[in-house]
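Common to both upcoming complexes is chain A, partnered first by chain B, then by chain C.
What follows is the complex of A and B.
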């Protein structure tokens, strides 16, 4: 078994959802999933893998995190856009910022924008592949997510 | 990108957390049933009368919602409408938001959803009385910022388009715009404040479906679609009143090189295309605000009495690798030099109307340009990629040319009327002066039909040349652009084996059936060589470049400020020496595959050829052979070694592969969709825009209120020198 790991199974289930499920099996809705990295040491690079177990999601956008040290937008692996709905996405980012500018603690490193299909509760897996310091040393860190509920103005 | 873990020793111990996210109940609308919009009631047609314009500037406010005075539902059109319109004072503006229910089945691809419609504007006066300037039309595209970095002959360009909603209701902005025909578009970002949402490349139909779904549910989204290799369409959905959404597009391309000069081009406007009857994929030129027939794509144009607030800034950083001896540009620029090999160039004025190509040429030290081979190896797959610039050997200039059969094909359509046709005529007149005894020539004109100077090419005698000049003088521009007639007329007569046939097309290339033209050219080219001259300020470079490629010739551009005589003289200098033909490359120990262009063109004096391909094994020195006249030539080119900074080469290779496959689609029957599939797969694998792949970005963290909003098409000025009256159809489509 791999040493890594975090396996985070998110069962998105709501009563209302289930109620109307039978009527709208192919309905589509959008969700934003914030990804958080929690590290005791400053992070210079990270990589995670996010996937759907039941093929009910499509990635429709990938947003930058909150740290200014990571100035750009994370990159995704092309495998993420292979045909079909069973999307899997590998996301990574790095920064060349100095050690004193690097973030630590719990920070939002990315937001995944998803389109979910069907009435079934989507099941996500989230795995931190690695997080390293500016020297390239692996950090003991954890990763978690929060689904961001769309705010109605 | 192809990713690997940062380190193979990634053995992290992390806590396992299981989290169940309970999505809110049915009261939260984000995941509920998709909103449905009643056909007739979602966006009631209304007349909105805004306040008087700004008295100082003479321009309407950028954000007119503050000036709103009333909103009149149009249930009973005549009374309310007439009253409202009747009360409009001089200088006030009237916005009419038309619902599609009044015009069913129009523009089915875009404006068919209830709640959207075309934004129409009319004004009491077209020209501002105080300033005498064209009146500013509020449109969503506010600014385009271009940041380019040139390294050697590769340019990396970031284009930021800034959209802002100047209206009082939510809109979808649609903007048809050009990019260089060789652009390998590889990144796309939607930017909202500090938030940057990276777009995802997907198959085109899938991307469009995702965008439409997000748009209809009220999410902010953007979609980038390619209609031609040099024409793109940007859609940005659900921009709320007064709010901004920016879009970043990144692309690579190779610079063209000729006679010591590199040329960087950023096109700013799509010229009005003529669409021949039967064209299945037209992009039609239409007056701002008119409705379209279902399935039609259009570029909307501002009349000469209108202008938008859209402006442009351009910054170019050059690291030529060799000394830069001279800079020149189509626009006024501000340039600074840090070293002999580098320069920073900026457009001097940001209020420049974006109605012509920005062209930056820089001349590098003459003796330092030489053929070179750049390579890159993918560290994961060990697949190698190379780009090879083959520069013609110097010795060609000492050799004399053979007699020529020159055929000049002049576009005399309506879009060439005026300055462009004058330039074309001046260029041909110069060419006639350069013909020598023993040469023959022909002049062909085309618009709706074609006609020509004589039944067949005539000797370049004094009498024939005089007659040709009179014929040339008689030409004027009117009618459509049936270029296919010109192609047939130019190539459909027996080839004189004693002479080299050069066919020169002088055109702005404003046609919508590029593939038909390329297919016709491919069918009839024989041993002729085609040289295309792009005449005008914003020509269709995709068509002109591909015509030259299919015709194994070269392309030149004749802008409104260029000397026609000088451009044509350069052309004659080039063809006055034999080209290196039958070019062959011995790749040495490199196992080379998928080389583009697949058929090597002739090497003309001063014109290098760039060849890109894949290889396995070690990069090695290669040998190029060819024939110049009766003389055999051979020269070696050394590999520069693997360089990490050459990581762009795979994308350049993929872009060239897509271009070549697209050319093949023009003339090869593809019943199984094999070529299309190859384009699609290449684009997806190398993460590039193509005819079959598009970028989509959705901000799913925030849902805007109401329906999907009104679609507002960004209208653009016609290119400088092009007459609006002769090229833009003001009619609505049935």
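What follows is the complex of A and C.
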């Protein structure tokens, strides 16, 4: 009888721990990720691809960067983001502004808004597909990100 | 005077007999018989019409399904003429936003509208397209 009671207690504890772990995993967090392009030459067009290495991420929004030459929202798959199915994203933009108006140096080209799930720290993959000058010549530029978890729920 | 008799004298006897035998009083069709015949006819044709109507409905449904399928296929598959524009314009070996910039900077007959450039750029960032090509 004592063994049965002990088994029941252990079983209850296991169930409680499992429920707690599941709740912990389903907790949603939101993050804003700034994407920076570092270019020694003025940039007229750029394209990058962003994804999560360990999954459990959805892109829920995107806003444009700080350059006046790239005034509008960049091109991205709006339908996938609106459906809530975008676990990766391709973002691109171009401008026909004059060469003297184009940005160079370290510029924020976009900010991604993400919804993260799970307890693991997010790991992102970011790849610069292309960056070109006004004449269409490829620039030897680099891309980086800065992320910040903005809210917990 | 018997003019009719005179005229029949020239006819052969079997014909005269056949004509006389067919000269009987016409049987009377009463209103009741007429109604019954009419009702029978209606029943008969109503039974025949049902499958015809069902068949017409079936053909209409098939035609509607074909029309819907054609529309669905057209909506899903991009216009081949449109996608043929989406090429490696700058000759870099891949299609990316630099091709849109190159297309936008083309002058003369190759000049494109903003809507066409937007469509090209949207096609480049489409995850479905990227999934197909990757």
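Going forward, the second predicted complex is superposed on the first by the 114 of 153 C-alpha atoms of A that agree within 3 Å, B and C clash if a C-alpha of one lies under 4 Å from a C-alpha of the other, contacts with A are read in each partner's own complex, and residues count from 1 in each chain.
By definition in this document, contacts are C-beta pairs under 8 Å (C-beta built on N, C-alpha and C of every residue); 3 or more make two chains touch, one makes a residue touch a chain.
Keep in mind that this is a model prediction, so the values were computed, not measured.
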{"item": "Chain B versus chain C as contact partner of A:32, first or second or both or neither", "value": "first"}
{"item": "Partner chain in contact with A:130 - chain B first, chain C second, else both or neither", "value": "both"}
{"item": "Partner chain(s) touched by A:93 [first = chain B, second = chain C, both, neither]", "value": "second"}
{"item": "Touching partner for A:63 - first (chain B), second (chain C), both, neither", "value": "first"}
{"item": "Chain A residues touched - chain C or chain B, whichever exceeds", "value": "B"}
{"item": "Intersection of the chain A residues that touch chain B with those that touch chain C", "value": "45, 47, 75-77, 80, 90, 92, 94, 129-130, 132, 136, 138"}
{"item": "Chain B residues touching chain A - in the complex, by the definition given at the top", "value": "1-3, 5-7, 9-34, 189-190, 195-203, 210, 213-214, 217, 219, 221, 684-685, 687, 696-705"}
{"item": "Residue ranges of chain C in contact with chain A within the complex", "value": "90, 92, 96-98, 100-102, 104-105, 118, 121-122, 124-128, 130"}
{"item": "In the complex with chain C, residue positions of chain A that touch it", "value": "44-47, 49, 75-77, 80, 86, 88-94, 96, 129-130, 132, 136, 138"}
{"item": "Interface residues, chain A side, partner chain B - complex", "value": "3-17, 19-20, 24, 27-32, 45, 47, 58-64, 72-78, 80-83, 90, 92, 94, 111, 113-116, 128-132, 136, 138-153"}
